[in-house]
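Both complexes shown next keep chain A, but they swap its partner, so chain B is in the first and chain C is in the second.
And now, the complex of A and B:
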């Protein structure tokens, strides 16, 4: 890769465009110009095409139309590395919060009997349709998540996953505990770290935007068991976790473990 | 047989949309803005959810104006539960909102609009020849982001604005630093006005029928919050009556609904605010407005770009004033206790792209009704009309020229397509 520029594509499915905005807002992006060629990035570049081969494909958004199913398949064919970026691409996003409701019912309440020529589907994560090589968590991911992933790719290495919860970073920052001291349903104990406990540092309970920490060890953390001690029900915690984890197949099982532990 | 001229995916706008110009024997037959992004059902999915969790989800409708969504939803929710924030908290929320306004305008003007005028496909390749412009763009959007970062917890999807106030307020030193940096970017904002005053406003889309809607700012100073909506035909209505005057309809070529006022399309956004409220400006922005008065045209959507540039100056000065008032009152308590009572509330504010409506009903601590109308949903109908006007003048030109001009019309409205497709009603 030394002799040529790395080819990058940034593709959007159904989302708020926040992951791309985060990427575009990095001052470091100007340093990237010498090292990378942007083949597709509609948000910034009129000369974009989804038909070109790329080395790294960043995909933002949930798969929410039939056209988007075809698009992710095409991106997979043309890309060496596919990175699912942000909560929508990784977990289906907040638009999956209503997963338990029927699409037909959602559709009817919003559009009534009015005719729209496109066919919608329920929002789903990218991984449901294609192989994803790496995931950037968060709503949106932190700038340093992008820098770390891109930096390791550029030097021909591979970024590591974070396998510890927000609580670790929160303790290191010396914040007072929102769950224990204020009794609010802070999802810090069960959420992927990497945000430097951004919200708890503002005295705001974590809503789990980086998704549930995927390594089962953390689920038996004594902090997670505080949910029960503080009188939160399993349903309350589950519903809060579903905001950003609707498509996590292990969610219920994991939350059950917290609430069954020690009974 | 005519082949439609299409732009499948309009670049340099927020979200995914396309333009379709259908030709016939008589010239342009039909112009459609196709909104191809999937629907996200925000109102429907938040029904039955806890109020604070729903309030964390609404901003995710759009990243370019997440603070606008957060703060408008918050005001509607606080009205619903019968809580009025203290004046100093209200001011700080406006400051957070201004951060969004500055960032959004800077991004739109320099990164999305300017490349068209300078003949570039994207802003990054402008760096070699237009280093100053790119540097200004970064500095301006950085100060907007920094306000949101420091006061809102982050630049995209702020969590620090909560029912009753803020989770935590920045320190006095942080406010002082913001103030210093805002002072430093003021000349950059003024330069932006001078720059955009020179750019062409295409006469093809001149439309004497343009109707503009904007908030009647609370306190009689040009701003974001208000209790009445003003229309450029002289009409006013209280925000609670929005449904009578902003009428939404489903159209078949779009996941987003179109809005009408008295059966006609209308416009919202920076130029609509200037058209309705220019007499409420003050400071450097007032002087610049007077200097370029003739360019702030109600009958040309391209004036929206210049109006945004003027607002960069205005809101930078206003942000400095709010920080001064805040520091004069220091220390400020960040939050009051709220009781989540049942009720219904409507808030309409000025998002970067124009009026943003939130109507929320709360029952037993949960959202029982939600209706959201975004500025882009309001602008879609008039946007189509103006792309059509452009197409009617240029359909015999090179299709690439027509495509570019049509895209430029769309970009002048600064559409936020993600915003427009979350859509409505229960």
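And now, the complex of A and C:
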């Protein structure tokens, strides 16, 4: 790697562009100039191309059209490392919330009779289509995580994944626990840390915007049991947990289990 | 030991003067039900009657998050960074928390001194304060309900002020520099002190012998409690992160974008988290939630050989701050056979009269 610039690409699928905006606005990005070459990042460089080979590909957005399926496959072929960026790319994003409804019905609600050039499909995480090497969680993701991942790649090492929940940072930060104190349906216990428990710090219950912790340690069942005790219905619990976790294969089964237990 | 009295009318003046010895921290109410040690500007905001803070006082010595050193890969160099080294005073620690710090000392000072902990421990003045137990407290069962040392001053509540025990030369200095604020302890004060201690002792929820606990835990690894209770657990780590004696930390290197320099940081860890038992090669010593759940129970009920007490000091935080409502005490009592009466109880219902609150000839000594 000595003296060779790292080639970086930043690609957008279906998203609000908030992730790239977040990173494009960082002052630190200037430090990259003599370390990295930006091959593709339309927000920063008009002279971008999705056809070039890169060392690290950052992908934001969920895969929601047939064209995007082809695009992510192409990115995978041309990139050494693929990083999924933000809740849309990592977990499918809020646009997956309506997963239960028919595509046609969703389409009609949003576009009515309007005509568009692309072929739509249900929103899905990038990982459904290609191998993802690393994930930057959040809606939008944290600058700190981006800098950490990039910095670690630049020294030729591999960044650690975050495998613990928001509660850990909530305690480190010295917040009160609003789940215990006020019975708020806080999703901190099942949500990936990294935001420094931003919402509970303002007495707002976490809605899980960073998505559920991986490695099968998001205990939706135990949390649902706790919410049930506090008087929430199954529908309320599922609705809330699904906002950012619609594609989690364990979620429904785990919550249903609690409501089958009886008293 | 030296004993003096701080009359009620001098309390705020005394607290104000503590600021001359360093930045003052004390318990304050931070939300509807919770308390925490915070920096004090207005001493009238200090809470004298609280039961437990959400963050244990170890946070002043072993920081929740800290930078350990800066490094440069190309130069193969590192430079240590020690944050927060100004003198400070923590007012209002309860006996259990003082024992908590003594336990932390056995880990971070005695064997391989931790530079970061040590430097702050040397700068920190500890002022204890008496308390009335609530239903979560069980320091009496852990024999950590009365601190003999580990403080510079310890204040015991009297109807008209505070009986102050002076524990260290620093404590003497604080008293001597403010000698006009103090009075001599009277016979009436001693009676009041003993009354308070007696009432306090009787207020504990449980009076029983936990001497066998460590062995019973080891023997009862197959007890159904483990499955039932770990099933409720969220694996959130709150129990460890609020515990005054949990000392595990996680280390991470954060490189800068120059591909060369960076910092090493550490943060409090919890054995309820997946990666606590994860080692190179992807092996996990505690791969299940149940095994992680059990680990905390075994760790906290092991004996600290140096102090001859368990690692749990009975502060009640891990129960009070568990979002899943899991009761550590109840689970331990289940193992002890005190919750379910399937085996006959081993101890009588009578409260054992232990401690100097019941001793007959204390009056007058050492004053």
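Rule of thumb we're sticking to: the second predicted complex is superposed on the first by the 232 of 263 C-alpha atoms of A that agree within 3 Å, B and C clash if a C-alpha of one lies under 4 Å from a C-alpha of the other, contacts with A are read in each partner's own complex, and residues count from 1 in each chain.
Following the convention adopted for this analysis, a residue touches a chain if its C-beta (ideal position, glycine included) is under 8 Å from a C-beta of that chain, and two chains touch if they have at least 3 such contacts.
Quantities reported herein were computed from a predicted structural model and do not represent experimental measurements.
Applying the stated contact rule after C-alpha superposition, one finds that A:149 touches neither chain B nor chain C. When the two structures are aligned on the shared chain, A:243 is found in touch with chain B, with no touch to chain C. When the two complexes are overlaid on their common chain A, residue A:35 makes contact with chain C while staying clear of chain B. Within the superposed three-chain model, A:164 lies in touch with chain C and out of touch with chain B [touch as defined at top]. Contacts of A:225 after superposition on the shared chain: chain C is touched, whereas chain B is not. When the two complexes are overlaid on their common chain A, residue A:56 makes contact with neither chain B nor chain C.
By the document's definition of touching, of the two partners only chain B reaches A:22; chain C does not. Measured by the number of chain A residues touched, the leading partner among chain B and chain C is B. Legend: residue contacts after superposition of the two complexes on their common chain; A:75 is shown touching neither chain B nor chain C. Residue overlap on chain A between its contacts with chain B in one complex and with chain C in the other: 203. Within the complex formed with chain C, the chain A residues making contact are 28, 31-32, 35, 147-148, 150-152, 154-155, 157, 160, 163-165, 167-168, 171-174, 176-177, 179-182, 186, 188-190, 203, 215, 217, 219, 222-223, 225-226, 229.
By the touch criterion given at the top, residues 12-19, 21-22, 24-25, 27, 29-30, 33, 38, 41-48, 62, 64-65, 67-68, 93-95, 97-98, 101, 105-107, 109-112, 114-118, 120-121, 123, 139-140, 198-199, 201-204, 207, 209, 239-240, 243 of chain A touch chain B in their complex. Those residues of chain B that touch chain A in the complex are listed here as 9-16, 36-46, 49-50, 53, 56-57, 60-64, 66, 107, 111-112, 115, 121-125, 127, 134, 138, 141-142, 145, 153-157, 159-160, 162, 166-168, 249-255, 257, 407, 418, 421, 423-426. Within the complex, the chain C residues that touch chain A are 30-34, 36, 54-55, 64-65, 73, 231-238, 241-242, 252-260, 262, 267-268, 270, 273-275, 289, 321-325.
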